[in-house]
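Here come two complexes built around chain A, the first alongside chain B, the second alongside chain C.
== the complex of A and B ==
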């Protein structure tokens, strides 16, 4: 259907559109050739190509264990933020009184407070609580930082939810808990998925707090990249970047295919 | 018939405003009860307090004598058909109807049989695997009904279930609902602002106004003997003659509109002092070409305009005594023509005398 609508004209808006796309994507793609350089530092590959920096990623340099650490922390933080944030958003949607409105402002604070303030504050607090350089220590901070994203995205989904669905469910004999699981959560699934992705990425990307409150026991990927750049501008970082870009692209293609398949299924039935 | 649902002095206050103000009513088991009123009259608040979503500020609600005022909705076992249907969009028709059985833990085989027979009753068995958004408005309405009935609720509450549908479909579904009510024998409590719907479907109608029950009775009673100007105005069309009571003997009460006098049967009206209004329904008035042909109660006038409605004519007759009168005329007699001079007549047993005068224009014409 799309190809029928497409007209082969060169318009001003088209040119601007493509220029914007290039502006966004080209700088990112620069890491791809750089990752194939045979040299020991960040450089253009020239005529010779090499996979040595990809070998380093899977080798003994600690990259794999950092990926593992980041996965553990980001997954746990996302799950925690998702559980708390979703429940809060639903509660706020149901009650919407002065208390929940103020609580909501409070929950959104981590987006406003500068990360360095968090970092310093948690450094002090975790030192007292003996949580420095531990998984729970970092997971707690990251889930707190991810919480606003979950609350915002789930709340956005709830805005379009007909409050009568909840009443209908109760009138049909379902308890509040059954209503939450069987009706409300399935309805806000897009918001929950978006919130989960945001939460995961928030933790996956986070470096400032990680630098302050972790050292050797917990060594996340952003921190290792940071250290890598700091020490010797290691092209392994470019290789890692290329892998990330590839994974993201694959993810988008899979999502696209899945949605198309689903639309066809619904349209055909 | 035994009592099914009872309201005893129920009040619901929102701040200083009473959405329900001292409402008492007994609804009999198996009855089709309609709550009729303009928006803001409290009819939906009343329905939602039966369903359990609105907790009364005072008073009590009982089901078969059992107190349910503070029982949460999921414990009440009442079916509710919501305005806009509130079908679960992520579930198919079958899953929507299954939902109340699922949360009750009904075994699969039993549930399947119930779902199948319910979908047959509402004629949706061929659409069981569709999602709500793939259905038309009328079909969605039937799913909502099936879902609210499948667990054999003690009451079925319907909140303006037909208001979103077009007129022809509404007529069909009115008949289907009435059939369903007779077949299942469940008590129906039906909220609407559509007077025609209320008259054609209900066993009894409660007219609500400002959180109070203005009048309660069978459709014929309400239509023939409105208890207030509001009720007369809200249900059907009415002519109001501004009158005074000037005499009373064994058989008749005599009224005057200006200098013009007429009589109504004494056993049909209340004796009233001061400003009163005589309610005359348009279809109870007759048109006559000469004074001799008209009944004793009559008034001279001139036809200002005529509308044709297929099954009847409606003529507006300008009278010197009482202003404009709306008169319905059947198709059997000669067609009324604008500009004609006529006599408007009515029998002594058709008028209702009410205290007061209507305020301004007839606000409640629907």
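== the complex of A and C ==
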């Protein structure tokens, strides 16, 4: 089978495929050398390399406080989305009728409606509710935007869970709360972890609604990047980008290791 | 929303459903708490956008008449359609070939390609767009290289025009096309093409008559998905278009923040939502809506 399918080493699809992959990665990586430029503006570093733009990140420029704001908002939004999404996914898994299937589609809406529509909607509504430029205001929006991803990832890990486990637990005398905490949730832990990461990153990256509903009090990292791009194409963004790309790559490797270890464990048991 | 106490698909009779409700109260609460949360804090604001489009500045369809009549808005919509079409076509073409290459690559090569696609997927869109400025701007890296090689004498204009926006958007959308296409191609029986070849079909004939038709649902799903994301796209056009390439999302934001024409902003937002929901319904024929979610 393998020999039949083996393609000539250089084929059209392989060349174009690798070109696309390079197109995806190489231009992004230019932020790495650019971040070491000694100049004030965006430029190639030449012979002299400098860490000045990294110093700006940890200095007075407000980058650290924005990182702090983003951490606060993303953590709170992820916790809220995780609670709501897990509740729903477990309830839907157990009931799984026409009503909950429709509700599930409804809960996926924030993933489909364009962000600019969210911006208009929440700018209006939060003005009425006095939530503009407040942490609760942004946290609520981000948690709702993250909710679909939690529902999807927790539901995905519930698919493989045998409903009889729950009946067995109940018939052995556990209450429904004990069943939820001791039987169901531990089984869907990978889905919950994935959902938490999705939710956190959704908020960590969110820019469009943040542009409209926050100004000075809440100043998240994407918003500072956004302003930095429009003010003067600040090279500090390249330094930040380098750090973020590195963290993303490390995160993906860790996730991969975790999944491999888990698969081996499942395979062995 | 459907009445919760209505007979469910499983329950059959009203009595059965309410009995099921009593038995499963805890689960119903689990389902309803998030639903009510979203209905109150999400649906209400979104619906009030739609309502406002019919009542501001005057009650009626004035805003929608303006959308149809105004030459400025027509040109924004035309530009949006053009950029969406170009982005979708280029993304699908590149994405299809890449997914095909990944499907047929060896284990190790497949893994590396997959890792790089996912990596680009997870990198913040702002950082990516920023990188494109560094590459494409007049004093940027690409122009430097081309001038250094003696291929051009003066910098090419690659940002603040359609080219910059399309390049940036294809870059953002490509993983959204590659991943569902790859998933779809994984489901195609890998013995079919060799079978067609063994029966005498040329490589090209086997591809066009066997592989391509089987991958069409994936292609349609991925295409609609890219179209959905492109139509409401804001960040890349705003940054790489530099005010010269205004798509509908940026136009809405201008109505909101600069000219304060809320009627126009809300009516365009309503149109955009309707288009995107219609596309989602169309997409659901080809792939599970849930699987269209960001990031694998």
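In this section, the second predicted complex is superposed on the first by the 224 of 269 C-alpha atoms of A that agree within 3 Å, B and C clash if a C-alpha of one lies under 4 Å from a C-alpha of the other, contacts with A are read in each partner's own complex, and residues count from 1 in each chain.
Going forward, a contact is a pair of C-beta atoms (placed from the backbone, for glycine too) under 8 Å apart; a residue touches a chain by one contact, two chains touch by 3 or more.
Keep in mind that this is a model prediction, so the values were computed, not measured.
Chemist: Superposed on chain A, are chain B and chain C clashing or fitting side by side?
Modeler: fit
Chemist: After superposition on the shared chain, which partner residues are touched by A:217: those of chain B (first), chain C (second), both, or neither?
Modeler: neither
Chemist: Counting only touches as set out at the top, which of chain B and chain C does A:55 meet: first, second, both, neither?
Modeler: The answer is neither, since A:55 touches no partner chain.
Chemist: Between chain B and chain C, pick out the one touching the greater number of residues of chain A.
Modeler: Greater contact footprint in residues on chain A: C.
Chemist: After the superposition on A, what does A:238 contact: first (chain B), second (chain C), both or neither?
Modeler: second
Chemist: Counting only touches as set out at the top, which of chain B and chain C does A:170 meet: first, second, both, neither?
Modeler: first
Chemist: Where does A:162 make contact in the superposed view: on chain B (first), on chain C (second), on both, or on neither?
Modeler: The answer is first: A:162 touches chain B but not chain C.
Chemist: Touch test for A:183: chain B only (first), chain C only (second), both, or neither?
Modeler: A:183 contacts chain B only, not chain C.
Chemist: Report, in whole Å, the shortest distance between any C-alpha atom of chain B and any C-alpha atom of chain C after the two complexes are superposed.
Modeler: It is 7 Å, taken between the nearest C-alpha atoms.
Chemist: Following superposition on chain A, which residues of chain A contact chain B and also contact chain C?
Modeler: Overlap of chain B and chain C footprints on chain A: empty.
Chemist: Looking at the complex, which residues from chain C come into contact with chain A?
Modeler: 1-2, 4, 6, 8-11, 24, 26-31, 33-35, 37-39, 41-46, 48-49, 52, 94-95, 97-98, 100-102, 104-105, 113, 115-120, 122-135, 137, 139, 141, 144, 171, 174-175, 178, 190-191, 194, 228, 231-232, 234-235, 239, 249, 252-253, 256-257, 265-266, 269, 272-273, 276-277, 280, 289-290, 292-295
Chemist: Provide the residue numbers of chain A that touch chain C in the complex, in ascending order.
Modeler: Contact set of chain A toward chain C: 1, 4-5, 7, 11-14, 16-18, 20-21, 23-25, 27-31, 34, 42-44, 84-85, 87-88, 90-92, 94-100, 102-103, 105-125, 140, 144, 147-149, 152, 155, 176-177, 198, 201-202, 204-205, 207-208, 211-212, 222, 225-226, 229-230, 233, 237-238, 240-241, 244-245, 248-249, 251-252, 256.
Chemist: If you look only at chain B, which of its residues touch chain A in the complex?
Modeler: Those in contact with chain A are residues 51-53, 72-74, 76-80, 82-84, 86-90, 99-100, 102-104, 129-131, 134, 147-148, 151.
Chemist: Under the stated contact criterion, what part of chain A meets chain B in this complex?
Modeler: 162, 164-165, 167-175, 178, 182-183, 186-187, 266, 269
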